[in-house]
Amino acid sequence: MNAEIEIQLIASVVAAACALPGVFLVLRRMALMSDAISHAILVGIVLAFFVTKNIASPFLIIAAAFTGVITVVLVELLNRTRLVKEDAAIGLVFPVLFSIGVILIARYAGNVHLDTDAVLLGELAFAPFNRIVISGYDLGPQALYVMSAVLLVNILFIALFYKELKLATFDSGLAAALGFSPVFIHYTLMSLVSITTVGAFEAVGSILVVALMIAPPATAYLLTDSLMWMLGLSVSIGVISGISGYWLARFMDASIAGCMATMTGIFFILGLLFAPERGMVALARRHARNRWEFALWTLAVHLFNHENLPESATENRVDHLHEHVGWDREYAQKVLTHAKQRDIVEQENGRLYLTRTGRQMAKRALVK
Amino acid sequence: MDNEEIKAIRVDDLTVAYRDKPVLWDIDLNVPPGVLMAIVGPNGAGKTTLIKSILGLVKPAAGQVLIYGKPYQQQRSLVGYVPQRESVDWDFPTSVLDVVMMGRYGIIGWIRRPGREDRELAMQALEKVRMQDFANRQISQLSGGQQQRVFLARALVQDAKVYLMDEPFQGVDATTEKAIVELLQQLRSDGRTVAVVHHDLQTVIEYFDWVTLLNVRSIASGPVAEVFTDENLHLTYAGRVAFSRESKEQKNSLSDGDKQ
Amino acid sequence: MNLMQILKGLMFDYTLRTVALGSGILGIVSGALGVYAVLRKQSLLGDAMSHAALPGIAIAFILTGSKAPLVLILGAAAAGWVGTLFIMAVLNKTRIKDDSALGIVLSVFFGFGLVLLTFIQKMPKATQAGLDNFLFGQAATLMERDVIIMGLLGAAVLIIMMVFWKEFKLLSFDSEFGSSLGFPIKKLDFILTGLLVVAIVLGLQTVGVVLMSAMIVAPAASARQWTDKLGLMVALSAVFGALAGMSGAIISSVTAHLPTGPTIVLCISFVVAVSMTLAPNRGLLWRWFRERRNNRRLRLEAVLLDLGMLAEQHEDLSHGHPASVLNTMSMGQGGVERSLEELERRGLVQNINEDEWALTQGGVKEINRILEHREVKKV
């Protein structure tokens, strides 16, 4: 395998591994926990590095994942004091931990290849240089193995606890009543987020992990209502962002991780605009159509409400639409013409009468 | 109809839609001055939306609202508003007196700060709701009933002719409820019009003299004696329930109401 | 001017003075505006804004080739605005929730900013633009002209905040009520958000885009613990922000390999920790003491009432009752003996013989007082 393909493979695996727990973060409205965790684990990595003196030690991953969970606990503790609101609690915790991490790196780790640039950007381009070689056989880049393992853990967890996760996400009260501890699910999920973040950290850096975790699931959320589909789509969008990001980076001669994040953003914007049902274009078109339809309904309901009542002589008149319903004359006339075409109203000496179709329409509208 | 006496609140053919779904359908409402009106209906009936569209907080798809014969925008100073208690953060760093003075902000106008007169008026309003001893308290130290009284005091300093209140009895103890009712009845006898979103069907007859039954469309509106009938209540709660889950509860409270 | 004189007296060093002044200004402005962000539960909007500013800085540099602070600040503010508008649009038009919208803007804008930075580094002629400093901040790069611009912009922000004081308070506390009074709440929201963007952008050079949000959240969160008044909270928050900003910037300037942003964040976080523990009334320490006192009082009252119940069964008030019975009645809460001794010290009970206790007249009075008090509370 050449380095080019290896980098794309790693990018794909990282993106897929991030997207899976990301789906649940987005659905559980905890997207910003990934932001907090990805910043905070830096301290764990640095401290573990001081102990092991080996940047590739698996101990780093454990320590960092542990820091991630501590962050979650800290935020919750702070929240529980009720001295600050939840958003502020997140905003207070992770800057401290991140600052400690950055300062430690700047002061004591300056001579190893853990610098602040690597923290923010990762070093995907260098990933193929760090290889696993066993008795002379080159087994491929280490990052690929690490991230594949993380991906596997994520898949296993979601496959095993699919039902519980779904329940805990959409109805945590019911889940608790049925005996699935939402707390257990919560902390396991947070541990997964931490592990995934640590694994991806080396490749794409701390802040861009957030992009890979949140943007593809959010895009998928615009496209589908099914959890299964959302998982699949998130992974696909993540992988496509990873690979296209790589080529964008090649083309621009810029940071790969940055380009991957940019691509997730571009896909999100595409989804935002063109998602078949929820996209802005679809919404605008539906709204334009509905506005018209809605005007007809309004007219029918209005006439129906005042039918056979003494005031109908004044209420159900063409002029009245302008005066009271608040439509300008031109628009009212348009709606009226349309309504006549659709056989909803009849007009007689400026008075308006519902037809049978119109009356049914009004009744249907009111029952709805 | 233009010869009739001028209505305090007049709503014509009001339709409100949220994302193309109707929340209120063609509502007509004529509330004469000097009545105390309950707005009653099941959850999701659009009671809050009705109040908010009268206040111009929600943009209607069709229809118009007149306060004493003119659009709300021209009659703002005539209208006082008591939002739902839960709609604000009671941990906000401010005092009771400060919140009450907010009722004067519309009269004070842009940029100018509240002065001594505003302070005195706010204190008077607090006395009316018997909260004068709490004037300098931080609002987070208040109980639910006290919070509600503060909101009422804030509306009182508005010195309005028409009051719109969203569930002023929500989460309030019996003593406070009684005090609030007395206050509302006092307002009515001063010739003011008070419209109240109300949940407890059992107290409608006791507290109010006017009622609007609402369930997405207006079922009936008028004097309690004429309008608050079993038939209308059934129409409001049983037939066209907007969300079927709530219908059970509502039926229960309905049957409770029947026992009276 | 007082502050200036103190500073002048303290420091003879031009750089240090500039740094201290600059970070003091940034602390005041972000502290003051941060109060509104925190009260309106927009703490993390600041985080998104500051990250979103990075591509703006890069684009401003690419377009103009200038590193003049005003140019970069304008770029940053524009990008911060775009990010905010994007979040609002996503929230209004889709079912995506605020956390995801913030997360996307924060990370994607930042990622794009990093792409542009690496791109700039490879541009011919670009003398390693020094834009990297915007990541974690570098107070030492502050120049006098930067500080002057910060001061002017900061003063403008604060003046606008004061002018619309009443309106912003209304907006933050009860915007719908404000709207019903006829205030254009959307426009006010627009202005206040704009002020927040400026406050954030002012600090980017010193604190950096990554950690600037802490300067929005932390001073306000600290100040909230000390006061229940909005005005005092804004003032305190500004003071905390200024203190942390200046001390952090000075420490980092005089120490090698100490990035400014993280140092300032540690300083302000220290203030947060102190405030949350020690602040009267709200502080955790206070709360702990209060709870302990309360518990002790409740324990004493419980023992006294139990003894009262026993005494009711005897006409003779001085009939002794064994502590072991009281112990059983307290359902194993323990500390009955200690409570009895304390009650004796207060003259409410008396020790009849070794292990038997009885009420005094004072004890009976106290019981009646307690019961009355509880009755009132119930009503």
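Order of writing sets the labels: A, B and C. Residues in every chain begin at 1.
Everything below uses one rule, namely that contacts are C-beta pairs under 8 Å (C-beta built on N, C-alpha and C of every residue); 3 or more make two chains touch, one makes a residue touch a chain.
The shown structure was predicted, so the numbers you read here are calculated from the model rather than taken from an experiment.
Relative to chain B, the most remote chain by averaged C-alpha coordinates is A.
More C-beta pairs in contact connect the chains of A-C than those of the other pair, out of B-C and A-C.
Chain A and chain B have Cα centroids separated by 39 Å.
Look at where the CA atoms of chain B average out and do the same for chain C: the two points lie 36 Å apart. Put simply, the C-alpha centre of chain A and that of chain C have 28 angstrom between them.
With touch defined as above, residues shared between interfaces to two or more other chains in chain C number as follows: 41, 224. Put simply, chain C touches chain B in their complex at residues 39, 41, 163-167, 169-170, 172-174, 176-183, 224, 227-230, 233, 379.
Those residues of chain A that touch chain B in the complex are listed here as 286-287, 290-291, 294-295, 297-298, 301-302, 305, 311, 314, 324-327, 365-368.
In the complex of the two chains, the chain A residues touching chain C come out as 26, 29-32, 34-35, 81, 83-85, 87-88, 90-92, 95-96, 98-100, 102-103, 106-107, 110, 116, 120-121, 207-211, 213-215, 217-218, 221-222, 249, 252-255, 257-262, 264-265, 268, 272, 278, 280, 283. Chain contact summary for the complex, chain B toward chain A: residues 1, 12-13, 15, 17, 20, 22, 25-26, 28, 60-64, 216-217, 240.
Considering their complex, residues 38, 41-44, 46-47, 51, 90, 93-97, 99-104, 106-119, 122, 135-136, 210-211, 213-214, 216-218, 220-221, 224-225, 257-259, 261-263, 265-266, 269, 272, 276, 282, 284 of chain C touch chain A.
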